[in-house]
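By letter and in written order, the chains are A, B and C; residue numbering begins at 1 in each of them.
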Amino acid sequence: MSKITIPFGPQHPALKEPENFMLVLEGEQITSAGINLGYNHRGMEKAAEGRTYIQNLYLIERVCGICSHSHTTTYITNVEELAKAEVPQRALAIRTLFAELERVHSHLLWLGVAGYEMGFETLFMYTWRDREQVLDCLELLSGNRVHYSINTLGGVRRDITAEQKAEVLKRIKYLEERTQYYIKLATQEPTVLARTANVGKLPYDVAIERGAVGPTARASGVARDVRKDDPYLLYAQLDFNLITHNTNDVFGRLVVRALELVESYKIINQVLNNLPEGPVAVKVPMKVAPGECVNHYEAPRGEDIHYLKSNGTDKPERLKVRAPTLANLQSVAYMLEGGWLADVPLVIAAIDPCMSCTDRAAVWNPKKGKTEVYSWEEMRKLGIEQYKRRGVDFSRL
Amino acid sequence: MESILPLAYILIFPGFLFLAVYGLYLQWVDRKLCAVMQNRMGPPWIQPYADFIKLLAKEVIVPDAATNKTMFRVLPFFAMAAVMTALISIPVWTPAALFSFQGDMVVVIYLLTIPTVTFFLAGWSSSSPYSTVGSMRVLTQLFAYEVPLMLSLIGPAILAGTWNISEISAFFAAHPALIPAQLLGFLAALVALQGKLERMPFDIPHAKNEIVGGQFTEYSGRLFGFFCLAVDMELVVGAALVNAVFLGGSLGFAGAAGLAVFLGKTLFITFLLALLKVLMARIRIEQMINFCWKYLAPVAMAQVAFDIFLKYRIG
Amino acid sequence: MSEFEKEEKIKAGLEAKFPGAVTNALVQRKNRVWLDAAGEKLPEILAWMKAGGFNHLATVTGFDEGENLGAYYHMTDTKIIVTLKVKTPRANPSIPSVLSVFPGAVSYEKELEDMLGIKVQGLPPGRRYPLAEDFPVGQYPLRKDWKTEDYLAQQPSLKTETK
């Protein structure tokens, strides 16, 4: 049979974000796969150099919709390290709480996406319904469902009240029960097993070689978790397990994520029941002394690493963001080759790709299809006008 | 007058108009049932009709690369015509079909294969990579479910001693005690029908996460609308066939009562098919073939053997 | 400094193994080691470190210091991050590729070429990443002398419209 080249993206129903895989098929089997990236560049690293540390906090939050807390926490840890700020324990606890809520939200989302990609829409509908519970928790605590903006220089912006704590604990209890059901479902349903077992194999040594991180690496038996290896926030004091699995396939990634959910609930319970007393933020000067530092963080998708260099002003000299997906994408090409076309969406989804995290860099992106670029000031003006028409006036704020 | 009546049968009831309206209605029932089972709201009942009318108003785009543009245009109508013709030989609201003859079951089975062949041709003639892969999957899948489907239909035919669908359903209406004995064959036929209709978990030829729209990727507007309608009609005809062969058709009722029985039983079959749809993940094409040949075909065979034995015992 | 025993050991090991090529080594704090490495020895140093357990190249950060361009290679054994700083003159920036040691680093190295114009020797040709295909050749956005405003002014098709 002759070979067919199938473009998988940049626009494709299985991909939520633009990326491109060129698949060469022989019948139903893939003989080679190439990955093209860069459709999503927003120029954040360059943009960060022109903004103050506090402005950057909100820019960095928008690196990714799902792991917004991961990126800001990594960034803020860097800034606070350079500024030598002593962050209060209560603030660290609240950051830890948000980090874990975010992990729960991300993993539930992934479970649904995996269900959708393998054509199991019921799983998708169920997990996304339950994910609303954790989104409600986040909204209750921070006021926002996705971009929580809880971090600020020197601490967090909001405290947690006793009622909020009780409400979150209640919802987490419900989610614990549901997660047990999903674990049962994922490990026993025959069609799920048929679709995930022995699919997208990534052996231990290849995972190391290609620099896989997060659940993708852990499902290949690589015991790599920044929370354990280089504890940040409060993780050194918390009791939780590092989950690994040795099947090296999509099934392993499913199991790792499902079990990590259980660990996250454990952490959330521990943090909420032992919240340290005290203030939630300290004041940090706007100007940061010259220096450089690098910090990593276990985002839901894997290791997120930021490098920050300050030059004594209130703006960073250089900020580098490496999101987990970029590290994992090199493994995807390996996993795809020799597999079935039908498994492509699932294998790609199994690393939980986040292209908007991965692609950031140079220029302001022209608006899709149209060649017009709005400058920051114009965008601001447009936004204010738009809301004015709706009866809200932000210009006086 | 005499020449108008058959025309009315073909065009209005139980022909084109009834099939189209009921097919779109079953599509809604199916979607609503799935939605309820998946904890969603689901569409209002008017949605499928609105979708169809909207598609009729849309522009038709025939790809430049299409190998045969005339064929590309007529294929949806072929699919629809074949499905409609098949219904004429299946009893709907009367114990006997409009037009029944000895051996019409074979004809119906073949007529129901024509839509699948048009799907293949549609995908192949669009010459886009997604359609090409989709159409190859259509054919591969055809060889997987067709044999179990035929085998499972043979059992009741042997038991009734006829190849006439109307006579088979009359036989079961007369001997309702034999209906439960067809359970295995009934289930096998339902699963094979699910494969024929290319629904989850067998929607492999147009699995949207893998190959976008599969064989229909390049279809748009009216032509796409008619393909969708043909699929919905196939659901009605498939359900009617299973009903006539396994469940005794209208159970001897005629007129309004017969129609009520028909509607009730096709809705029940749709419910079973919807249940199958929400319970499972889509399987891979090679798993589908394995499943059909390793499990489904032997189950249908077992039913045939059992029916031969039963026939021998009854005499 | 017995406080950072492991970190000191790594630093001493590198200095002993590559005298002259590894300079300015510094233990910044727990789990963080910084050092300057000579560009031509880079793949060799990384290979040695990889054999010693530093099997994860977390990322590569390009930088622009004025007369020098360069890159930081953040190596980690999951616990300690060792950052190697490699400098290269702005007039003729060039760094050897580390793909022979870390095949997964291809996108990091492409980013160096695209964003800072550092020639990575040994990087296989291919589609550019991360910039768009129609981005002008010879412009390197992460260099300090590259200004977004200038770029926008050069592009007639990107004329700003204000409503």
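The rule is simple: a residue touches a chain if its C-beta (ideal position, glycine included) is under 8 Å from a C-beta of that chain, and two chains touch if they have at least 3 such contacts.
All values derive from a computational prediction rather than experimental measurement.
*Asks:* Out of every possible chain pairing, which has the most C-beta contacts?
*Replies:* After counting contacts between each pair of chains, the winner is A-C.
*Asks:* Select the chain at the greatest separation from chain B, using centres from the mean of Cα atoms.
*Replies:* Farthest chain from chain B, going by C-alpha centroids: C.
*Asks:* When you take the mean of every protein CA atom shown, which chain's own CA mean is nearest to it?
*Replies:* A
*Asks:* What is the distance, in whole Å, between the centres of chain B and chain C, each centre taken as the mean of its C-alpha atoms?
*Replies:* Chain B and chain C have C-alpha centres separated by 61 Å.
*Asks:* What whole-Å value do you get for the distance between chain A and chain C if each is reduced to the mean of its CA atoms?
*Replies:* Taking the mean C-alpha position of each chain, the two centres sit 24 Å apart.
*Asks:* Roughly how far is chain A from chain B, centre to centre by C-alpha average, rounded to an integer in Å?
*Replies:* Taking the mean C-alpha position of each chain, the two centres sit 44 Å apart.
*Asks:* Residues of chain A touching chain B in their complex?
*Replies:* The touching residues are 4-7, 12-14, 25, 27-28, 115-123, 125-126, 129, 189, 191-192, 194-195, 340-345.
*Asks:* For a test of understanding, state which residues of chain A touch chain C in their complex under the given definition.
*Replies:* Spelled out, the residues of chain A in touch with chain C are 36-38, 41, 43, 45-46, 208-213, 224, 226, 229-230, 292-294, 296, 303, 305, 307, 309, 318, 320, 322, 326-327, 329-331, 359-364, 366, 371-375, 378, 381-382.
*Asks:* Residues of chain B touching chain A in their complex?
*Replies:* 34, 37-40, 129-130, 132-133, 136-137, 200-201, 203-204, 207-212, 278-287
*Asks:* Hey, which residues of chain C end up touching chain A in the complex?
*Replies:* 28, 31-32, 34, 55-59, 61-64, 72, 74, 76, 78-81, 83, 102-108, 111, 115, 127-132, 135, 141-142, 148, 151-152, 157-163
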